Every structure is written in C-alpha cells, then in structure tokens.
C-alpha cells in the first residue's frame, strides 16, 4: 500500500469545499428566471378531493400558476411505480392502487400533494397557497397494520381488498413444522420494529428547467441515483425521452435510502417548468420531509425458535406484518421480503426456516428502504430471539450464539442466501475482548452496590450487501439490473478522470475511488478526479445504496482500469521496444521489468492521443469503460456489544461502553469506513432509544418536526471502540464486502439486549424511551 | 421593505429586504453565501449557525433586521485566504464530516465552544455543548474528536499571535 | 412567515408607543420562541417591536438580599454573571441547561416568562423563589403573573422590565429533558427562603402550566433532605401526557427531580 493507496486513511479530497462553505447543494443553485413551487398538501389522512378553487390565489402578487392533480393526470404524466414485483403465496401478483404525483380524486395520507403554486418567490408561493381553497370530504382512516387488516377497516385502494398488498412466504413450511415437533424448547417473541423518519440533514429539493427550443429538460435533484431517476422519469412517467432529460445530483446532503426514490415533487417540477416556460425550484422544509420522505421499518412480528436439548437451533418460524403506508414506493415491496426474510438465518446454522410476510396499506406516509432496509429488522429480530433464548434456557448469551454459529463456508441458508465467507467467532472474540466481557459480572455487581442498573447486550449481525447480481434479483422480481458502470479517461497530459455511476452523498468516493487508481498506477490522488452525479457526463449507473458502491461500483472501476492498463502497456511496450508481458506499472511509470527502461504515464497518454507511433491497428486514445455485475451478494458481519446503565429513577439510559468488531473484507480507507460505522451505529442507537414516527389512530402524524421526533444528539450517544476482523470477500477481486449499513443493522439489538439485561425484564419495545423503561421497571 | 446594513465577513453590505426576511435568507438569497444551510423549521438542527458580533447564533431564528449594524461571520469568512481556520482543518483531519450539510453550522458552533471554554474542554463538555447541532452522518464520534483537536490547535495559534 | 413590519425600539417608552401604533403588534425579545412560531405561520403580527437593543433592559443587579435581572438580559449573560452565581447559583445552573448555546445567546428571561410555555424553565424559578415581575406599569408577584398555558397577567402592550428574586438560603433546579425538543419534560425548582419557608415549583408537568408542589414543600419543610420526599405521593391527575411521557411518569419525575434538586441545593 502506498501512502494514498488501498488501506491508507487518506483525508478526504472533497472536504475542502464542505468546510469552507463551497459545497453546491440543489438549494444553492439559482437559474435565470427561476420560479418557486409551494405544494398544497392534504391535512387529512384520507379524503375525497371535491374541488379546488384557485381563483383568489391566481390574483395574489407574484403568482405564475396554480396547477392541480387533475391537470397532471390530464397531461398523461405517469403514476408512480413500484419497481419490484412480489408474488403472494397463492400465486397472485401484488395488489397495488394507483399513485398519481398529485392527487386528483383521493388523498390517502397527511401531506399528499393535491396542487402546487408557482410564484416569483418562495414566500409569495406560500402566501398564495393559503388562498387556494380545497374542498375535502373526509373519509375514515386507518394508521395501524392490525387495525387495517380487520374486517370493516377503512379501505384505501379498491385494487387491494382488505388493504393487503401481498401475503408472501419463503422457506419450507413442512420442514419447519417437523423441526418444531422435535424441539426440546421453543422460544417465542413478539417485536415491533418502530417506524423511522430518515431525516437526511439536507431536505429534498429539485430545480427543473425546460428548454422549449430543444424540447429538453434539466433536473437538479437530491438523488442517490440520478440515472435511475432519469430512467424512471422517462420510461414510466412520460416526462421526456432519456436523451431529452438530463438529471444532475450535485452535492447531496445525506440520503440513507430516502433519496433513492423518485418523488412526486421532482415529477411536478419538471412538468410545471414546461407548463410555465420557466425554471421551477422546490425546496422542502423539515415538516415536508417528515410528511413525504419515505419512512423506514414499521414491522410487527411474531417469531418462534425451536431448540434441541443441547441448545442447538432446529428451526425458525416468523410472521411479519409490514406497514407500507398509503402507496407502494419504488422499492418498498422488496424491503420486507427479499431484503428481510432472506437474512433470517443470521449468523446461525438453522436447518429449517419458514417466514410469512403480509404487506399492508395504511393511511400513512409510504415506507421504503432506509439505511439497512429489511436487514436491520431481520437482525433485530434474530438477535432479540437469541437473547431471549439465552435467558429462557439459562445459558450465557455469547455461548449460545457461539454454539450455533455457521463455521463452514460457503453455507447455503434455507432462505435463498449462500454465505460465501466469514469468521463469526473471530468478531465475537474481538468484541468480547474489547469490552472485557469476562469482567462484566464484577462491574455489574459494583454498579448494583452503587445503586445503578447495569446491563450488557450482544448483537451478532449479518447483512447482504453489494447489491446485487442482476440475474438473481431479476428472477426474484426486480425491475432493474443492479450492476455498475465506470469509465476511466486518461487525459493527454496523464491526469485521470474516473466516471462512475455510483453517487457520493457523504461516503467519500472522491477520495476512496482515487485510492484504487493511486494503488494501481502509483500516481498521487491529486492527479485523479471522480466524476459522478450527472447523466450527461456519466454514461449510466445504478447509484449508491445497499452498501454497494465499493463492492460493485469500485469493482467496475477496477475492470475499466484493467482494460486501460492493458492498452497502455501495449503502447509502452511499443515505445520501449519491449514485450508487453514485461511491462510493469510502478510510481506512475511503465517499466520494463528487470531493466532501467521506463516511460512515464503522461508520455504514454500523450502517445495515445498524438497517435504518431502506436502499434499497428491500435485505435488512438486512452479511455476505457466497463460494466460490472456482481456474482453474489457480499456478507459483512460482526459483533456489537453494548454496556450501559439505567437510572431507575428516570428510566434514562447512559452508555458505559460500546464496542464494534466488523468484518467488511478489504478496507480501502479505514478512516472513512470507521466514519460509516459511527454514523450507522448512531442511527441504530437512535432507533433503539429515541426515534419513532408516530401516527394517531386517525392517521394524523404526531411527530412531524424535531420538536417531537427525537433525533440523536451528541450527548445522547457515546464514542465507539471499533475493530476489524477480516475475511476477504471471494466474490469480487478487491475482496470488499461493504460497510455503509452495518452499524444501523446491528446496533439496535445490542442496546435493547443491554437495557433488558440491566432491568431484568425481557420484554421492552423500541424506542426504549425513559418513560417506557421506567414504566417497565416499575411494572415488573 | 427595509435596508439592512451590516458587516459580513469583513465587508460592509446594505441590502433591501422584506421585513420578514430571516438572516439566513439574506445571507443565502441576497448575498449568495450559500455555505450557511437550513435543515429544519424549528431552530434545532444548527445547520444555519453563524457568528454575530463573535457569538454563534442560529441565523434561521433572527430577522435580518435584528442583525442591522452587526458584524456577521459565516463559514465563508473564517479561513485566512488559503489558510484554513484550525477548526476547519481539524474537521478535515479527523473526518468530522461526511455529507457536509451540517458541517458549516457545526464548525461555527464549535469555534464558539472553544472560545467559551478555552482549555477546559473534555469529551462530555463538547457533547453537551453540541446540543444545538444535529448531524445524521457521523454519529458525532469524529466531530467530537475534531473539536477537541481544534481546541488544542486554537490555543497554539492564539499563543503564536 | 407572513408579511410584517419590523421596528427597533431604543427605549421602553418608545417600544410601548410603537406597539400602540400597530394593529396587531408583538414584542420581540430574543425571538427564540416567537420567530419559530412566526415561521410556521402560527402567528401573524402586523408589527414586530424589537426590544433587543434597549440598554435599560440589560443587566443584573445584586442589592442586599435581592437579585434583579433586567428583562432583556440574555441567558448566556445570566449564567455567566458573577452576582447570579454568587447569590442564586441555581439560577445560573437553570440558565446553563436551558435551550442550547445558540439559543442562550439570544433568548432572554423576559421573553421566556412572557411566553410562559408550560415546559419552560424560568417560570419554575420565579414561582419557587417568590420572584416579582416588574413591568413598565407595575410589579406583579410570580404567583399572580403565571396564569396557565401561555397565559400571563401582562396586559396588551405591557413590557416586562425586570425580575427581582429574593436571595434564598438554598435553592436547586433539576430537570429531565424532553428527548426531542430539549425543553423540560419535567423540571423542579426547590427553594428554602432565608426565613425558612420552603417553596417548590414544577414545570413541564401540569396541564395548567408551572405549578407549586405543596406535598413536597411540606415534606421538605419538615426535613430538608432528598429522602424526606421518599414517602410523598404525587398524583398523576391533571398532569401532561404525550408520546414522551405519561402523566404517571411525569408524576414520578416531579418527585425524582425534586429529590435531585434538593441534593444539588445542599
């Protein structure tokens, strides 16, 4: 490894603009003649739109237009799609109602847009929006999954009777029943995985600019995947053909999944910019983010695990109700099925698994992928079950896990996934050592003597990342392939541009991707630029989510690099009158191995572009591209252990120590990897202790601002003690597994297992707020 | 409409704005100083923090008129030419930022924290003092490290002056 | 925010006269509550009268057994003031845990008590210490000043100029923070006056705003120690309940925070 190569904790190239206030986010952009949009949103969870009177608003100062849902339907803008088809156990396709970008007839959640005001300034648009009179006829609403599936419940979509989207199963039911019939012990658990609001700090925003002469649109948007946005806007929403639509995702202030999806506001901005003949800008505020950014999680699950007399797991049964909200968001259908139930084997040998997932409509904000997407729900369930089992079976929770670990790889689970490699004992050992697990009983006793309730909790998570082999996801219903593309351009002066379909919104690609180039060519990263986030610059890409950018995106860059290097070696060999096989690349030079003959990269590049003396038949230029389609998921795994104290007077939790031992395969930049883990851990801790997007029974959101929705602050969380145990992923040449979601996937169970250990009561739902913990302590 | 006169990053400015204009809107929309961000509607996230007469305030929770006559420093105004402020450098060196959206507010708050506490900073104090700044990316771990690191650097640079 | 007209007053008299000229005027002190409310279009004053630069509203005076904090004094200046720390350190502590650092640079004691948010900290201090609110027209006891949620004895256009606190023998304040808003989920201020009277006030707990807690006062009168409160039972009836705390939890917090405040008071 060079000082800037693979494995070096290089400080980030992109930081200078962010720390000097020169980042360029969508809301920072102004276009000439730009107008501003303000959406008129339903205050009701369920209502008929009987009429919209915009006559008074149109007379207000600065108003350019008021556009309604009926108009967008009349103009044949497509309904929002769900891109992953799921088939119910009876063989029927999932049942979905239509989701227009603005509701022409019926609103189904608070915050759904019915109209938009376009005006000269943001304030004037909002002023005028108050003068638009919408006549609603309220309908009964339902927010809770169990209420929604009861007979007589308010019905959201005629296409989905009983509010059921699908009833999907995975695994072998007969084999699982047989396993349970042999069980010495059965452990049962009911858990709720609380609904979360993603809350990237940058609210979503869009600027649409229509060029009438060219019939061409430009969209600046807060997206994790601008090419996917263009594809969907073009192929399904009828905005424009792809060559007439440029999508730019500039600096994006966090995503966590919530900026994967193509939202109504982008569609409306594009459509409106053509209607009014001027650029249209929309910047959401935090309340709009709470109301309209796709939420995460929201499962209600009953699970049972069967053990034999030696405490070996025999089987697992799971039944989960997944709350999808009022509409099926872009990838929502896959989250509680293929991203959740396929991970239910955890790190354990479980011979038989059967899971049933029932997807349910409610009058709430749509739910889709949020950091981890299905995998946190699986991991939380399994790790709560293991802890519950250890308590019920009266065995040490670490030992119970260890005795059931998968130790032989590859390992085919009963739920599709084939784990390629791992060493679960290594990460458990590392975490136990880091927290001095053996010394915990003495610490607990001392804390007790001091009047404190101390607990320790483990979580041994596994996740499937590197999403994903296109053929595999295609066979499971995905509407897209999940490969990645890259292009390497060596300029005539020898500087290098890497064009990637991955998108960085905090992950540090502008640094880590350069590190691969530095590693291979021995050039400083200052000579390398990363180009991303613009469909006019980058040919195609699937974007960044599911911890895929290093395992898939960087591998695509590697493939393109290999092609470029191969050509460059031919040019160098020709220039040096040597055999191509003897050329090695070192310190930015092409050398004839075993000699002092060498030619520097800039000279090779110049030769490629002057083309005065290339090998016969070689095309000029030094630019190569590649598409990389992974052969398998990757399987990051690890152990988190949390030690904490609970104040019995207030129910408040204070962290004593939090250790994480992760196996992410090869690390490109350990500093950045650890940053990803820190952030993920706090999102997992946030879910465990603080965060909950709540609706009342009538579908009114109770938590629509930071005044009510508790975001983790610096003083809510500890510093972390991280370590890495490494097994290289055999599925990609760099051996990378991915690190973006691990923290969020593994942390919640460690926290709840620790609190329940501290208070001596196993049943405790998330978020474990002081009130809830105090009531649990005093109910016991 | 009123004319608001103030000093921003050392330069005198006079801007005609509606009376309802917030300080952050004046900075972003009228002066094109887009480093100061807006992340919430309820004065909690701190993405908008700037210094007014040397004190860290939330520019989303002030009318522009309230800042008339004041000296405002934004994230764009703390480096000396190409030389980063020690807090900026510490955020970079400690990987105290990811998406960068909360970063300007974090840095402006953090400078004020160090000014108020001088050498008396420890981890718990930094965490408490960051109550008014929300970050969703970093888990705060490296932000806390950066502030502690910068506290040392700022002492050194003050001593040198 | 709706359209409004901004005025900066340079004296209390000028502020009062500017206020009278507007059709629906509002005074703006630090603005840390009013401006968020205006941003959400939940308030639409025709005129905003800024009190923030009025010199006569700034400062702290300690005179004998009375600590006077002028209404426009910002929290930061209160928590760092030597006289406050000396005379009533519990007020310095309360102010140091109120809001966040940026809020403490803008928010004022006058603004806080004029708003009388049921989860604000200062009302508990005023009530427990038996403070007097001075306005440009009169003096009002804390007991009479706070009249329920967001309601005070202030008349339209009346301006708070200062709050006077009798210096107690002992005082302490502890609060449990609301996990989201960071206001007080429940906070309790305990005070023992120099004449031996015990006064305890809780904020964030009651549906009627800041309240005295007679049961705890009686227990502490008999025995000024945290354990004296062990046997006190606080009824959940009439207490606030929301997603962050049931009424029973808040009843518990009144007791626990009172115990910790007594411990802090020494």
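Residue numbering begins at 1 within each chain, and the chains themselves are lettered A, B and C in the order written.
Keep in mind that, in the parts below, contacts are C-beta pairs under 8 Å (C-beta built on N, C-alpha and C of every residue); 3 or more make two chains touch, one makes a residue touch a chain.
Computed from a predicted model, the values in this text were never measured in an experiment.
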(request) Sort the other chains by how far their Cα centres are from that of chain C and give me the top one. (result) A
(message) Please identify the chain lying most centrally, where each chain is represented by the average of its Cα atoms.
(response) A
(message) From the mean C-alpha coordinate of chain A to that of chain B, what's the distance rounded to whole Å?
(response) 30
(message) Please tell me the distance, in whole Å, between the geometric centres of chain A and chain C computed from their C-alpha atoms.
(response) 43
(message) Residues touching two or more other chains, restricted to chain B: which are they?
(response) 18, 20, 41-42, 44, 131, 133
(message) Two or more other chains touching the same residue: where does that happen in chain C?
(response) 1-3, 181-182
(request) Give me the residues of chain A that touch two or more other chains. (result) 123, 706-707, 711, 713
(request) Could you pull out which chain B residues touch chain A in their complex? (result) 18, 20, 28, 32-42, 44-45, 47, 74-76, 79, 84, 88, 91-93, 95, 97-104, 107, 123-124, 126-128, 130-131, 133-145
(request) Give every residue of chain C touching chain A within the complex, in rising order. (result) 1-3, 41, 176, 179-182, 243-246, 248-249, 252-253, 256, 259-260
(request) Would you mind writing out the residues of chain B in touch with chain C in their complex? (result) 2, 18-20, 22, 41-44, 46, 49, 55-58, 60-63, 65-66, 68, 109, 112-113, 116, 129, 131-133
(message) List the residues on chain C that touch chain B in their complex, please.
(response) 1-6, 8, 28, 31-32, 35-36, 38-40, 48, 50, 52, 76, 99-103, 105-106, 181-182
(message) If we count contacts the way the header does, which residues on chain A are in touch with chain B in the complex?
(response) 11-12, 14-25, 27-28, 30, 123, 199-203, 251-254, 256, 285-287, 505-508, 671-672, 674-683, 705-707, 711-715, 717, 719-720, 743
